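Same chain, two partners: subunit A is paired with subunit B first, then with subunit C.
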Partner chain A sequence: MAVLQPYDKLPALSSAVLLLVGSDGGLQHRLAEAILREKKNFKISIHLATSLPLPPERDHLRPRIDLVAFMIDIKSKYSLKNVEASLAYVDDSFFLGKVCFLVTGVGRVNCCSVEMNAIQNLGEVYCSPVLFCELEVEGSQVATAQRLLRMLEICAGHVPGVSALSFSSLMRNCADD
Partner chain B sequence: MESVEGVARTLLSFGRLSRGLPFGRAHGLSSRDPLLPLAPRSQENADPQRTAFLLRKQWTLYSVTPLYRFSNAHLRDYARLLSAFIAAEKQKGLAVEVGVELDIKVAVSSLPYLKGSDQDQAAILVQLSSRSPASPKNSEEKLIWSGWFCCVSGDDISKNVPEDFTCLPLFLVNGAECYTSIVGSWFQKTFDCSFRRLAISPLILSWMAAMWTGCKVDKTASAIELVFSVPCLPQPLDISYAIHPEDAKALWDTVQKTPGEIIQEEVDVFMDCLYSHFHRHFRIHLSATKLVKVSTAIASAHCDGIIKFLQSQYLTGVLMLLTELAISQIE
Partner chain C sequence: MDETVAEYIRRTVLKIPRDEIKTMLQKWGLLSETQLQTINFRQIKENISQDVVQLCEEISADIKQAAVLDIIYNHVYPNKRVWSVYQMKKTGEETEFFDLTDFKKKFKRRLRSALKNVTINFREYEDNAIWIRIAWGTPYTKPNQYKPSYVVYHSQTPYVFISASVLKSNLPLLCQALVLASNYHDIREMELRSHSLNSLKDIVFKRYSQNFQTHYPRPLQERNVAPESADLRIIEENKNEKERIERVNREVFGDGPQPKLEFAQYKLETMFKSDPQMDVLDKKEPFRCLVKFSSPHLLESLKSLAPAGMADAPISPLLTCIPQKARNYFKIRERKHFFPGSFVSP
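Let's look at the complex of A and B:
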C-alpha cells in the first residue's frame, strides 16, 4: 500500500524511527546529524525522503515510523507544494500527534516566498504542530534537534504517561482565547 | 471613508504578514481574512510635468523613523545647515570624490502634491547640485544627488505618533552612496531619526507583479519581466522570464474575481500559472528559486530595495504600497 501507515508493523525494542520529508536534501542531512549528536537512551534511526509515497520495493525492510516531520523552506514555494502533495500519502491516524511541520529559513525575513497564512492553515487543517527554526544558525539547529528528539521519544511511547495525542495542546494559541 | 480605513487595516496586515514573524502568529490577523491591498489607481489629477523628474530613475529605498521637531517653514535653514555640514565633512577629508574640488549647493523643497490624503505630510525633496569652480559663474549647475522623503496614506503611523514628530517613513535616493551617508547622518543627528535599507521580499514582489499587470496603460506597454536567482549553485545563475503584457493582463483578468480587490489566492494562482508554463517548456521549477526583480510598464522593483517609476499616473499608488512596506519595517 502506498499510504504510510502508523501501526501496520511491530515496534522494535527501545528504538524510535523518524522520517524527514522535504525537498532540500542538504538541510535534512544537517538536521539529521544534529539529532544524532544529541544524548539519548534509545536507538534512533532517521529516514530521509524528498517526497511521498516511499518506494514500495523496500517496504518490507522499513521499520515502523514513529514521527513524520515535513520540512518546508520559507524561501521556496516549491517545498510547500511538495509537502502538500506528499500529505495525501499519509494515513489519517498519523495525524493524531505523529506528524509535525518544520518551517526552516525563518531567520531571513527578506527572502520569504511563502505566505505565513498558508503555513498556519496547513497546521490547523492537519491538526499538527508547526515548528519554526533556522537551521543555518547553530543554536537554533541544536534546539530544534532537541525538540524533535523529545517529540520522537513521546511518539515512540518511551515516556510513560505522555502520549502523542497531547501535542494538540502545543497548537493552542493565546490569540485564539 | 470606511472603505479607505478597511484598506488601510488590511494593508497593515499585509505588511505584517510579509515580515514573516518567525515565532508566533501575526498579531490581530485571523487566518481567514482575505487580503485587500489597493491596486494602484490611475491618478488623473496628478500633473505629469511636475512628477516627470521622478520617473525613469533608479531610486534606492530606505525606511525612516519619525523626525523630531521638523518644520516645513524652515526648509531654507535646513538647506543652509546641510551645506555647511557637507563643507565641514569635506574639510575633514571624510567624504566625496578625490581630486575634484566641487562647490556643492543644497536645495530643500516641499512637494505638496505627492500625498495620499490630507493627513499626510507633504513630501520633502533634497537636491545636491554642483558647479565646478573652473567653469564660468553663470553656467548650469549639475544635479549630482537627490533624495526625497514622502508619506502616502501613512495614517497608521501618523495617528499613533506624539505631537512634535513628523512622519515621513519612506526615503528614496538617487545618487552616490557617499552623499547619501552624509545627508543621512545629518538628518539622524538633527532630527533624531534612523534610516534603514528597505528590502522587498519575493512574496511582496509577486504581489507587485500581479497588481501592476492588472493596471491599464495607455500606450503600448513593455513586457512583464521577472528575474529569478537560482540558489545553491556553484556559479550564480539568473533566469529572466519575459511575458507579453497583453497575455499577462489577459491571464490576470481571468484570475481576478472582484475588480479593485486582490487576495492572496489570486496572486498565487497567477504566479503558479506562469511557473507551470515555464516548467512545461524548460522543466525548471521556478517556485524553488528566488524572485529578485519585477519589471512592468508601471514600475520596476528589485528585492534589494530599488525601484524605478515609469508611469506618472500610477506614481501615488506605488508610493502608497512602498509607504506601507516602510511602516511595517519601522514597527
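Let's look at the complex of A and C:
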C-alpha cells in the first residue's frame, strides 16, 4: 500500500524507528548521526527518504515507523513543495502525535525563502508540532537530536503514562500561549 | 621622463602583489638585472614602486614601455577583467597564411587613421595568442592609460576575446580594425561573457569534457552516492533514486570540471499566461522580464543542484545548454506555432 500506516505492522521489542523525509540528504545524515550519538536505552533505527511514497520493493523489510519528521529547509521552496506532496501519502491516524515538522536553516535570516505563515499553517492543518532548528550550529544540532529522541521514545510507547497524542496536545497548547 | 609616465608606472607596480613584483619586472625586461639587484623587495610596496620609478627615470622610459608592464600584469591576472567573446567570419574559403607583421601594421594603420591619440601595444605568447593593449584618447586629449581595452586573438581561430574599457564608443572602431587586419569580412558578438578568460577559451575551443551520446548505456559505476555510514542503524530508502540522479547529472554535465562562468541571463519576451477569467493584462503584449542567475562558479553549482536535493533531475535544458551553445545571455521569445510555448533565439 502506498500510504504509510502507523499500525499495520507489529512492533519490535525495545526498539523505535524514526523516518526523516526531506530533500536534503546530507542534512538528514548529519541529523541521524547526531541522534545516534545520544544516550538511549532502546534500539533505534533511522530511515532517510527524499519523499513519499516509499519504494514498495523494500516494504517487507521495513519495520513499523513510530515517528515521521518532515524536514523543511527554510531557504528552499522546493523542500516545502516536496514535503507538501509527500503529506498526501501518510495515513490520517499518523497525525495523532506521530508526525512533526522540522524546519531547518533558521540561522540564516537573510536567506529565508519560505513564509512563516505557510509553515504555521502546515502545523495547524495537520495538527502536528513544528520544531525550528539550525543544524549547522553544534548546540542546536544536539538540542534538536535530543528533542527528536524524546519524542521518538514517547511515540514508540517507551514512556509509561505519556502517549503520543497527549504529548503532541501538550506541545500545541504550550505553543499557543 | 614625463611625470604622467612615472605616475603610471608607480600605480601599475602597486597593483602587483608584493611577492610577484620581482618576477614581473624580470619578465618586463626594461630594467637590467643589476638595476633590479639594487631594489629591496622586502620593503613596503609604496617604497618598492618609488624605487622602480627612480630606475625608470634614469633610463627615460616612455609610455609604450610602461604599457608593456600593464600587459604582463593583465596576462598573469586576466580574471580581474570581464571578457566578451567575438567571432569573425570569412565569406570565402581562402586559408591565407597569417602574417603577424602585416596584421600589426594594418591594425595600427586603421586605428591611427581614425584616431590620432591612441597607444597600441602588442605582445605574443606561446599558445599563438596575440595580446593587444589599446589606450584611447580623443582628437584633443592624450590617451587615458588607466582605462585601456584588451584584445586576445588566437590567429589560428576566428575568435577574439575583448575586454573593453568603460568607453564603449570605441568598440565599433576596434572591431573594424580587427576584421581588416586579420582579413576577415565580419565580426559578431557571441553573447558570452565571463571573468575567467581560460574558461571562455575552453568553451569556444571545446576543451571542456563534454557528454557524448553513447549508444550503449554505461554500466553503473561503483560510486558512493551518500557517505556510506558503517552505521547499519541509518537506512537510505531512496538509494535507487539518488543513483539515477547522479547518472543523469553525469550524462548532462560530463565528468570533468566545468568552465567558470559567473552569470546566465535570460531576457523573456513571452506573453503573460494567466487565468483567462482574471484578465490581468488588457493588451496582449509581451511581459518583459529578466531572469539572472549569478554564482562564483555557475556551472558547478548547477551541476550540484540535483544531488543536493534542491532541484529535480534533469535540470532544464535552458540552463544545461550554456557550454554547448557557447552563450550565457539568452532571449526567449514566443514560439509562433499552434501550441504556445517558448524557444531560444539563435
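One rule holds for everything that comes next: the second predicted complex is superposed on the first by the 167 of 177 C-alpha atoms of A that agree within 3 Å, B and C clash if a C-alpha of one lies under 4 Å from a C-alpha of the other, contacts with A are read in each partner's own complex, and residues count from 1 in each chain.
Operating definition for what follows: a contact is a pair of C-beta atoms (placed from the backbone, for glycine too) under 8 Å apart; a residue touches a chain by one contact, two chains touch by 3 or more.
What you are looking at is a predicted structure, and each value in this text was computed from that prediction instead of being measured.
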Task: Clash or fit, subunit B versus subunit C on superposed subunit A - done: clash
Open item on the list: By the touch definition at the top of the document, which applies to A:76: first (subunit B), second (subunit C), both, or neither?
Closed with: both
Task: Touched partner set for A:50, first subunit B, second subunit C, both or neither - done: second
TODO: For A:58, decide between first (touching subunit B), second (touching subunit C), both and neither.
DONE: second
- [ ] Have a look at where A:29 lands relative to subunit B and subunit C in the superposition and call it first, second, both or neither.
- [x] second
Task: Partner chain(s) touched by A:106 [first = subunit B, second = subunit C, both, neither] - done: first
TODO: Report for A:9: first if it touches subunit B alone, second if subunit C alone, otherwise both or neither.
DONE: neither
Open item on the list: To test your reading of the overlay: subunit C has the stretches 19-27, 199-207 or 289-297, and exactly one clashes with subunit B. Name it.
Closed with: 289-297
Task: Those residues of subunit A which subunit B touches in one complex and subunit C touches in the other - done: 23, 26, 76, 78-79
Open item on the list: Show me the residue ranges of subunit B that touch subunit A in the complex, using the header's touch definition.
Closed with: 17-23, 25-27, 29, 31, 199-203, 206, 231-232, 264, 268, 271, 285, 287-291, 303
Task: Residues of subunit C touching subunit A in the complex - done: 226-227, 229, 231, 233-238, 240-242, 307-311
Open item on the list: Per the contact definition, I'd like the list of subunit A residues that touch subunit B in the complex.
Closed with: 23, 26, 74-79, 81, 106-107, 109-118, 120-121, 124, 132, 134, 173, 175
Task: Parts of subunit A lying in touch with subunit C, wherever the complex brings them together - done: 22-26, 29, 32-33, 36, 44-51, 54-55, 58, 76, 78-79
